[in-house]
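Okay, so chain A shows up in both of these, paired with chain B first and chain C after.
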Partner chain A sequence: MVYWGPKGKTNTAHQMKHIVKIMALLVAMSALWISLLQSSKIPESYTWLLPLYFIVSLGCYGLLMVGVGLMQFPTCPHEAVLLQQDIVEAKEYLKQNGVDVGSNP
Partner chain B sequence: MEEKEENKYSIIVPTYNERLNIALIVYLIFKHLQNVNFEIIVVDDGSPDGTQEIVKQLQQAYGEACILLRPRPKKLGLGTAYMHGLKHATGNFVVIMDADLSHHPKYLPSFIKKQRETGASIVTGTRYVKGGGVHGWNLMRKLTSRGANVLAQTLLWPGVSDLTGSFRLYKKSVLEDVISSCVSKGYVFQMEMIVRASRKGYHIEEVPITFVDRVYGSSKLGGSEIVEYLKGLVYLLVTT
Partner chain C sequence: MELADRAVGLLLSVISLSIFTYYTFWVIILPFVDSDHFVHKYFLPQEYAILIPVYAGVGLICFLSVFIGYVMLKSKKKKA
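Let's turn to the complex of A and B:
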């Protein structure tokens, strides 16, 4: 089944746009939040602040991920050395085979 | 009757002022792909430093069948450079890589092996996993890279660890399909390609690669790049 998308491009119907998935998730979370507000199992003053707590937690998680990733950032200084060796080897061969290896014309 | 599979790999290398690097890259590709059927397609955007003359010398040294020079009159952008190269590609697989030696041809066999083992439509190089890595980035650069990556992962759920990487192997038909639906420029274009491919359900595999930042020449990352990146993220969030 095929339908015409917004820019006149064809699209297969069973591919849901990512933004739709995100919106659906937000709607589901909002519904949960509203039902919590109305059920008064949790004190209202706390429930009102839940979205804020969620956003702050998300932010903290993001910062944590950045920090952890930064600490574990894979580096490869030995590769720079190997590359220099490769360059020397390449220049030798190329010079012998008629290729100009100067960096300026 | 059993048919021996004949795979040919078309390696598209866009260049602009890569007079020295293109020769080194070609040498290294030949060194590491010795029993592989491949061709190198150099898409040069009218480099004033004589890159095209060097390519012609390389053609004399290695043969014109393996090195194709398909130039363009001026800088016309990366996406169109790939499309231009694709038009001349005769392989059933296409590799895209940078000409500045940040992508080392020694990883080409591992891309090919991974594709053969898994039957993937796309094999993308990732710098951010064990076995991969980056050299030549200061702390600030690593921070922006990591921050950008976390943001992109949170918003886009792309299914790959390195979104802006441009060292990739594609099945030719897959690249043709994906590239026709991408409109961004620069490295956002690389992100758009892999995200759209992921959304379309293509089988994507990753191999670790090491990335040694620009040996000869100058690299670019400033405030305007960051703004472009954020705009690109929002665009991808909404349209893919």
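Let's turn to the complex of A and C:
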């Protein structure tokens, strides 16, 4: 089930570097946030609110993109009909040649 | 059916937009409004603005870990 090809070792190495990158990004962002707070450019009451607000708005943005993508998903009804015809033809052909095609559940 | 897809997509967008506007109003605009204004009635006290997303996030993470653990256990049982 698991294929440990010659890529096995480099895959884990890439995962390690990826996590290090993400942690570095997180540390940089928190350092920026704490420096902004210390130099009192932002009122103290916003310590927890603003990062949480950005996280919530990021989640909302993702949800919005999913919704918009769903609404704009292009369906091809013409191709769907042609595909059904192809399936029927293939089933008949295979039945003639003796392959066992189960019926649709 | 594409109509069901579009309905679900529309519902998702509406939910996300409403959550975004409500939260924006709550966190950013409300502190600058006088406490006598009537609009404060429609918003919970400000502490909840932190608690609710944190609880929702923690609940989501718990659910995800439980789900992943359940799937892993099931796949292990199938292999054995």
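Note that in this section the second predicted complex is superposed on the first by the 68 of 105 C-alpha atoms of A that agree within 3 Å, B and C clash if a C-alpha of one lies under 4 Å from a C-alpha of the other, contacts with A are read in each partner's own complex, and residues count from 1 in each chain.
By our rule, a residue touches a chain if its C-beta (ideal position, glycine included) is under 8 Å from a C-beta of that chain, and two chains touch if they have at least 3 such contacts.
Since the structure is predicted, the reported quantities are computational estimates derived from the model, not experimental observations.
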item	value
First (chain B), second (chain C), both or neither touched by A:K17	first
Chain B versus chain C as contact partner of A:V66, first or second or both or neither	both
Touched partner set for A:A31, first chain B, second chain C, both or neither	neither
Which of chain B and chain C A:N97 touches, first, second, both or neither	first
Partner chain(s) touched by A:L49 [first = chain B, second = chain C, both, neither]	second
First, second, both or neither for A:I87, with chain B first and chain C second	first
Touched partner set for A:T75, first chain B, second chain C, both or neither	both
Chain A positions touched by chain B in one structure and by chain C in the second	66, 69-70, 73, 75
Chain A residues touching chain B - in the complex, by the definition given at the top	9, 15, 17-19, 22, 58, 62, 65-66, 69-70, 73-77, 79-80, 83-84, 86-87, 89-91, 93-94, 97-105
Chain A contact footprint on chain B (complex, rising order)	19-20, 23-24, 27-28, 49-50, 53-54, 57-58, 60-61, 101, 104, 127-136, 139, 142-143, 146-147, 149-151, 154, 156-157, 181, 199-201, 210-212, 215-216, 237-240
Parts of chain C lying in touch with chain A, wherever the complex brings them together	2, 5-6, 8-17, 19-20, 23-24, 27-28, 31, 49-50, 53-54, 57, 79
Touching residues on chain A, where the partner in the complex is chain C	1, 45, 48-50, 52-53, 55-57, 60-61, 63-64, 66-73, 75
